[in-house]
Amino acid sequence: MTPNAQPTAPCTPVSKPRDAADCAVTAMVEPMVRFQGVVKRFGAHTVIDGLDLAIARGEKLALIGPSGSGKTTVLRMLMTLERLDAGVIWVDGEPLTQVQRHGKTVPADSAHLRRVRGKIGMVFQQFNLFPHMTALKNCMEAPITVLGLSRREAEERAVDLLAMVGLADKKHHYPNQLSGGQQQRVAIARALAMRPKVMLFDEVTSALDPELVGEVLNVIRKLGAEHDLTMLMVTHQMGFAKEFADRIALFHGGKIEEDGPPATFFTNPRSERTRQFLRAVLEGT
Amino acid sequence: MLWEWSYALEVLPPLLRAAAITVEATLLSFAIAASLGLALAVLRMLGPMFAWPLSIFIEFVRSTPLLIQMFFLYFVLPQFGVTLDGLTVGVLTIGVHYATFCAEVYRTGLENIPRGQWEAAVALNLGVFTTFKDVILPQAIPPVVPALGNYLIGIFKATPLLSVVAVLELMGTAKILGSESYRYVEPITLVGLFFLIMSLVSATAIRAVERMLNRRTVG
Amino acid sequence: MGARSIIGMLVGAIGLLAWFSTLERFRAFMPVLLHGAETTLRITAIASVLAFAFAIIAALARLYGLLPIRWLARVYIEMFRGTSLLVQLFWLYFVLPEFGMSLAPFTVAVLALSLNTGAYGAEVVRAAIEAVPSGQWEASTAVNMTRTQALRRIILPQALILMIPPWGNLFIELLKATALVSLITIPDLTFRALELNSITLKTIDIFTLVLLIYLTISLMLTIIMRGLEGAASRGLARGRVH
């Protein structure tokens, strides 16, 4: 069982706080992201089965687990790329896909979705850069069209971010003129240009040649050191997870099998499944 | 009322008789297109001696209007002492025109055959003819059947052109009926409906064939 | 055919035409036929632009419209793909006036050609939009674009590049199909040829010239579209796309 198994209702539109003081206290400890009884099915196949998981502000959580266990699905639901079949996802104290209207909980309209989604950024396994735009344009497009920044402001922001990921000299390159590692770093800059509070990384290095993995991980390290972003990453890089994450969660059968700080998670796992998984993974490397 | 049912019913029998000619012309043209197209595609593979002139011929036929080609043959063949009726000339022209399109379809089918198949045929010491007949074509043709089917529908929709060389197919008949009674609404609309129904039915049939072929290759 | 062979054929066709026009037996025909070719080109150009517009609108309506609009788009596409162009042309020419809508023959010609090509084009546009990887939609959502923004800024620009080759074929088919407008009295290249033929009976001469002129225009269209295709894919790599 996880420590997050019995969620208390956060201070949100869905459940009204009993009084203001109560709310103030809850807000202090309120997680950045909370999955509450989330269920996701593909046809008859239940992929996420009543997931309860809370991620604190600024926390760096690494999700690990066997292939097909639903890790990607968790991130995609949080990014609103998949619908939930049951449960609630809370982001920054607000339900992501529902709103309270006339005392009833109803599916959120697109305005609400867009407002909450604005707090989340995602980096994909296959980069998904816009191939018809330069690195710079990739990072400027959404800040201009979505946030309404001026071209100047957007460009300043994009140039800074590209410098941060070490690609200042590649800003006029198109994606197909960049290596996989460079593309992935542009993708990180593109997500950061929207100033998200939560960043999702889905196996961002698994499509890369081994020698390019390091440069992308270094960017993520730097991000972790310089920003107080909340990060949720799916990874198969156990070494990186151990060194970088505040907490590791093993996913199995649509639920969290076990989670804990890296120190105890790797050296002293409680569950037999975790032990098996770690043995299998570490043997492979 | 603009649409007169009595007149529509009156023109229906002659239109249905004409539809038989349309269908006949379609099938004959397709038979020419499918077989000549295959010949063109195979000949083109037999070396640059054939490939060059055939490519020019194919590009030429594909790049010029079917209507002009039909007129050309219709007017010119008699000058060489070949007198054919409109239907024959029309069917020949449509057949040759669409053969150049079918040739391209066959070519993709042929190009998708792995080299290993040719090499295996050489290793077994099969002759060129046997290789094509027993090894290559049986693999190359089934996958392109749906694409050929689309050209069957294309040919079907090209048959109204036959009316310009005095064939009384659907469109020509409808026009004559219209000019006799000064009412074009019913005959031409009925012709349109006929084409629509036949096209939709054939498109459904082609999709069914496609699914069948997919199942065969997957399963 | 490779680009080089196409250019070779084009040079050959133009060379033949130039040579023929110096010969006495062809000289009288050339001005008349070129006059007709001008009409053919004008109709092709106008109908191409309209067809492209119809295709984009119909494809977007079919993919993203409200249910009734979606159905309307499907009916349009199926109707014009399912019937013959000549039937459509004659329907607009002979039947529409009986509904009290008498259009000029030129309008009828352009309308029939563009509606017909637009219906085929709609399927091309749809296929191209659907061929853009779904990751592009997802990345657009992840940076919080609306569907409309994603479509306009991310998906369509990529789809446009994918649809250049099939549109090249459609434009050639359109050019060839313009020959049909001679049957509703538009004085295009084919019309002029038939006219000259009935006066002079020099069938071989006239039709040889006409075929060469159509071939020349077709090959030029092919070369233009190939150039566009090359420029677009190079643009993705180097220069600007838009």
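Before moving on, here are some points about what is shown:
To keep things simple, chains are lettered A, B and C as they appear, and every chain counts its residues starting from 1.
Rule of thumb we're sticking to: a residue touches a chain if its C-beta (ideal position, glycine included) is under 8 Å from a C-beta of that chain, and two chains touch if they have at least 3 such contacts.
Just so you know, these numbers come straight off a predicted model, no measurement behind them.
Relative to the centroid of all protein Cα atoms, the closest per-chain Cα centroid is that of C. Here the largest set of C-beta contact pairs joins the chains B-C.
Set against the Cα centre of subunit C, the chain with the most distant centre is A. Per-chain CA centroids place subunit B at a distance of 21 Å from subunit C. Centroid to centroid, with C-alpha atoms defining each point, subunit A and subunit C lie 48 Å apart. In whole angstrom, the spacing between the mean C-alpha positions of subunit A and subunit B is 56. If you check the complex, the residues on subunit B that touch subunit C are 2, 55-56, 59-60, 62-69, 71-72, 75-76, 79, 157-161, 163-164, 171, 174-175, 178, 183-185, 188-189, 191-192, 195-196, 199-200, 203.
Interface residues of subunit C facing subunit B in the complex, by the touch rule stated above, are 1, 5-6, 9, 78-79, 81-88, 90-91, 94-95, 98-99, 172, 176-180, 182-183, 190, 193-194, 197, 203-204, 207, 210-211, 214-215, 218-219, 222.
Looking at the complex, you find that subunit C touches subunit A at residues 133, 135-136, 138-139, 141-146, 149, 153-154, 157-158, 161, 236-238, 241-242.
Chain contact summary for the complex, subunit A toward subunit C: residues 79-81, 110, 114, 117-118, 120-122, 124, 126, 128-133, 141-142, 145-146, 174, 176-177, 187, 190-191, 193-194.
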